[in-house]
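Pasting the structures in now, so scroll down.
Note that subunit A is present in both complexes that follow, paired respectively with subunit B and with subunit C.
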Partner chain A sequence: MKQVALSIDDLREAVLRMPDDALMATREAALANLDEHGLPSVRDEDWKYTDLGPAIDISNRWLANGATITTTSNDLLADAIAAIAGAIDANWLIIANGVIDTSRFDESSGIEVQRFSESAAPFVMDRPLADLNAALLNDGLRVQIHAATEKPLGILIIDETNAGAAVSQANVEIEIAPGCDAEVIEYQSSTGTGDHFGNSVITLQIGQAAIASYVRIQNRRIGHVQSGRLCATPGRDARLNMASYDLGGGLVRNDVDIDLGEPGADVVFNGLYLAGDGQHIDNHTRVDHRVGPASSSQEYRGILNGRCRCVWNGKAIVHAGADGTDANQANHNLLLSEHAEIDAKPELEIYADDVKCSHGTTVGQLDETALFYLRTRGLDKRQATQLLTHAFAADLVGRAPVAAAIDEITSLVESRLADLIQEEA
Partner chain B sequence: MLEINNLKSRVGDSDILRGLSLSVNAGEVHAIMGPNGSGKSTLAQVIAGHEDYVVTGGDVQYQGKDLLDLKPEERAREGIFLGFQYPVEIPGVNNAYLLKAAVNAKRKHQGLGEVDAFEFLKLAREKMAALGMDPKFLNRGVNEGFSGGEKKRNEILQMAMLEPSLAILDETDSGLDIDALKAVAQGVNTLRGPDRAIILITHYQRLLDYIEPDFVHVLSEGRIIRSGDKTLALELEEKGYEWVREAASA
Partner chain C sequence: MTSENIESIVNRRYEHGFVTDIETESLPPGLDEGVVRAISARKNEPEFMLEWRLQAYRQWLEMAEPEWAHLHYPPVKFNEISYYAAPKSDADRPKSLDEVDPKLLETYDKLGIPLHERARLAGVAVDAVFDSVSVATTFKDKLSEAGVIFCSFSEAVREHPELVKKYLGSVVPRRDNFYAALNSAVFSDGSFVYIPKGVRCPMELSTYFRINAANTGQFERTLIIADEGSHVSYLEGCTAPMRDENQLHAAVVELVALEGAEIKYSTVQNWYPGDENGVGGIYNFVTKRGDCRGANSKISWTQVETGSAITWKYPSCLLRGENSVGEFYSVAVANNMQQADTGTKMIHIGANTSSTIVSKGISAGKAQNAYRGLVKVMPQAHGARNHTQCDSLLIGKECGAHTFPYMEIKNPSARIEHEATTSKISADQLFYCRQRGISEEDAVNMIVNGFCKEVFKELPMEFAVEAQALLNVSLEGAVG
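Up next is the complex of A and B:
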């Protein structure tokens, strides 16, 4: 099985057609990296279960077709943006089809925003998908949160493709000042009947003793492709409390990389993925414990129905000298169909002595005893299944660390579960 | 109301019920007693519709319908309630939510609209007070972290809210202290009426001091080997099950 390669010549042409701005040198460097290494294939250990084929196919078709960025705003997109902004009261920075839109951003909030094109500072470009992001990046956002704000910062990455294939890149760097208490919502969404591949890189730098509460919502159109990367670097005594919700998308790959280079950091990150027919959701997490004491704890849960596949790969590396590390990983899955597949893999690499690490993964079906009990109370099988799956998910919904997002997450999870259980009946 | 005729049931490879017949009319309270493993819970599970208990013979009529044709939820909506010997804990499913969903499922089946949320809560609180249950149990997960006695009271609460035509209580009395036993008995006695029937599965005569049965049956090895009135329970307590078994085989 040979994976199609990215058309590098078309890519080069596309890059050369981009505006000759401050980002050009970076784009060219990224292009050279891609030319040398290409995109990962299933032969790479980290990509064993996830074939980027569909992403490459969409990219190639889009590149061959002139690699146009849809900048014209239209009603469908505007409506989708309005609906999300209406559902979550946040201070929104929008990246629509890869184009930055600050029209819903309130500058008086005290949050400082710059574009990459205005400042030549380097940004993350350490692996092929980040190179692709850099090579095709129209512009990126550098956001500084100096003090707690009334509304959370919202990053809405939204795409609309109505015909053929399209690709878009989003790149946001968020810096949270020392001692600051910040709330951030990352919301990825897409509409339209065309094929789409969205590729994002977000970095989160958390200052000393700062507290970051971060929610990620991925509700792309079923069938659309997403690669989303989040790199967090908490400073000394900083806290990161994060929760991710994957509800849509076709092929989805999320990478969460947390680099603990300062002592005293405390990181909690949880995730929920709901997958049905045709979906492939891959969550790869990696925590580098470079110093101690520091703690990281993650719990991902999945509900899978129909013909779908999910991957959870949780890597924790406790580097030499990182004594006082406390790392916990848990992954629990509910498989409602015999065609649903989960690859769950905890990976602990420990090179220090004084560490506390634990991991646990479970894969199970619905509790038949509970199902029967509910049916003897008059609930039909679908209703009972919904209640039980809902209960499984509710715990993680309740752990969303940004209050402004909870209602939206609750309603998205409820409606997605209702769809999933419908599929079973 | 309920006509069980020569019922045979198997779980896994073993035949548990081996030709059980029982007739229960509206207004009656029946007690089913018998040693451990005689098939009492199996009977209850078969009536409630558990799929693991395969019916291999006989038939069951309930209010003129073929009961074995109905799904568990249809049986419940038609007015059958099983109080489980071991109520299951369902973390994350709110107790009040389940109660209301159960009541509404039955109402919908009867062509009625949903209960008024306020009225429902008021009624639930009243029933809980009568059962000596703290109203905070409404907002817990179903049976989550409940003690044995609390679980049994919760079963009775569900029964009281659902007002079944046929209630089967599987050892609802075991593990209860005397106050809980009295509360449960009062719940059952409140339900008692000319249109309803109750089957009490129990180990002990003790419960029957508080709920007076019209009939007492002894179940042994999957069959009813003796039936009588409430004095049979007293006799059993005095002489033990061996006595009935010997009498039956003589």
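Up next is the complex of A and C:
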């Protein structure tokens, strides 16, 4: 099957229609990159298991239709925003349908916010999807956290499409000052019955000896397409503690790139993905250990039920000279349906010798004896399955590093699991 | 270890590197349909074989050289290779070892393979492949008593065309990959084994491959068929003389295990790895695949890879029969400038199939060693079970160890486990041995052998001893 190509001509027109501001030079450069390389296909090793076809199809339809950005005055959207802001007590920066909205942001918090359009500094643009993001970006946010704040910083990327196809871009650069202790919540959500493709790029620069706690919640409408890239660069002796939760979405592709260029960094990141009918959730992680000593540890867990497919590809690269590296990868999957598929690929590339690296991957089912035990205690099969899958997921829910988000994550995971296990027990 | 000591060991020459001066009858370098026809004609092959080769050649022309492996080497110039070389004495083949060219026997002596002695003492039948044509086959009588067919591939094409026709290319199709297609077009010779129903092969079968003539790619083709309820253990070992130019080696090995049959295939590969700067050395692009076609069949691959400048090799198992079992045990050592990209594929197709993968990679010097494996469970493969363990040991600051395991699971009853570790020899382990009066080199050998023990214990006895010695030799000079 040949993948449809992104229609570059329509894209060019869309870019030319955008306001002639400080971002224009970057947009044009990104467009030229896309024109030359296009978007990746399943023939590319990094995209072997994920076909961007639906994302390209939505983009082409949206571009052919004039590529208009909806305004944020929609009631449905306002309700959705209010619900999320009500559930998690954070200082929210909102990007709704690609448009920045700072109405729920408290400027007195000490967090400094600037728009990309206010300065000519270029932003990330190194991979095809980041190029697409740069080419179509309405505006981006540059956030500086100088000191610990009372409430965590919330980045809400929310989209609403009720007819046809729509595409939106979000781009946020977060800089955490040296020695600062910062909490960030990234929340991706979408509603509406139309087709939607959301594409985000977030960069996280962590200053020397700073501590970043980062939670990512993805709860898009089942069927909506999302690709998200997170690039983190921890400084000397910095710590990053991250957890991500993928609950919704149709085709979802997350790329986490962590670049350890300074010694002493310690990175822990975990992920949970719950997939049911019609979902395809792909998590690609890459950690570059350029110097040592530094440690990175990741654990991703997945529960798959119904007709779905999940991909986990963890890559740790220990560059020459990065002695004292400690890198661990773990991926565990529960396959509960005949039609679910998991493709796992834990990769290690090691060019230094004083290292400790390991990875472990398992694919399995619920323990028959545990299920039987619960059945003998009077639980029906569905309840027993729910209880056990819940236990499998709960461990990762408990590791969410931002306290303000834990209640919301718990309730989202619980309700998603209840839905999933109903589908087939 | 003192630096002079390291120096002296590093500077040791490849022990098996020498050239036997025998006239060979070669085709001029280059490849076209004429060459394919000439190879086929020289071997007096029947029409079907020529046609098969020609189709493979045409398919090869349309294929591209694979580039996905974690390997870096200058492009192979396929037109500068001579595709056929046979020892001069091809016309009147020796009937027994006494008739074999003494120089050839001397070569084997230098390699420490006293052919007849070894054969008699160890009860091993040896089908020695010198360059491309089998020159000596022993213990044929004893085997034929059991009904076992063990002969060169050319002989099989002439004497057992029905078996060749039925099974050739049935596991590794002609256009399976670039090198398999090339091999299918120009394969020179190799071994053919057929074990009849219910027969347990009375001895371990063994072939020693050698590459001798300069610039001659060697393209063996091995086909082993184990009929229902039979059992065979096959040993493949190789050494090659020292060369300055890269030699291409693109073999294809096909194994077919029918219901209840078991094939154990063991390899010790010690092709010339090139000198310390990576000059010379064999390019080893091998396609090995076993097909567990029948229920309750089993195919086990064991390999000890210490040689070759470039290794590209993934012995695989297609687990089609119910309850069939696939195993892969591997030790891959890369020293100096060697590069290896090796691993396995376990494709679970039948119900209740199980596979085990144990891979031990050792990198030293400036070598790059990659494990690349695939475990695939098809939707109908209920109750599939896999356990994979792949460990890497790093010796030295400039080497690399990489793992690229793929797991594609499409059945919920599958139980798949994969674990991998990478580490160096710990200072504590070394210190412990040293304070017990063991020299650093012996200590490293001991630790490395312990690291590889799980794989060595799968090798047949005589091979295990050789492998252990080979490992020590391969790593000498790497430790400091």
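Please note the rule applied: the second predicted complex is superposed on the first by the 423 of 425 C-alpha atoms of A that agree within 3 Å, B and C clash if a C-alpha of one lies under 4 Å from a C-alpha of the other, contacts with A are read in each partner's own complex, and residues count from 1 in each chain.
As a convention for this text, a contact is a pair of C-beta atoms (placed from the backbone, for glycine too) under 8 Å apart; a residue touches a chain by one contact, two chains touch by 3 or more.
All values derive from a computational prediction rather than experimental measurement.
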Partner chain in contact with A:Ser358 - subunit B first, subunit C second, else both or neither: second
Subunit B versus subunit C as contact partner of A:Lys381, first or second or both or neither: first
Superposition-derived comparison: subunit B or subunit C, residues of subunit A touched: C
Contacts of A:Glu349 with subunit B and subunit C, given as first, second, both or neither: second
Touched partner set for A:Glu45, first subunit B, second subunit C, both or neither: second
Partner chain in contact with A:Tyr214 - subunit B first, subunit C second, else both or neither: neither
Touching partner for A:Tyr187 - first (subunit B), second (subunit C), both, neither: neither
Which of subunit B and subunit C A:Glu338 touches, first, second, both or neither: second
Parts of subunit B lying in touch with subunit A, wherever the complex brings them together: 48-51, 71-73, 75-77, 81-82, 84, 87-88, 90-93, 97-98, 101-102, 105-106, 109, 141, 158, 162
Contact set on subunit A toward subunit B in their complex: 367, 369-370, 372-381, 383-384, 387-388, 390-392, 394-395
Subunit C - residues contacting subunit A, complex: 68, 70, 379, 392, 394-424
Subunit A residues within the subunit C interface of the complex: 45, 320, 323, 333, 335-338, 340-365
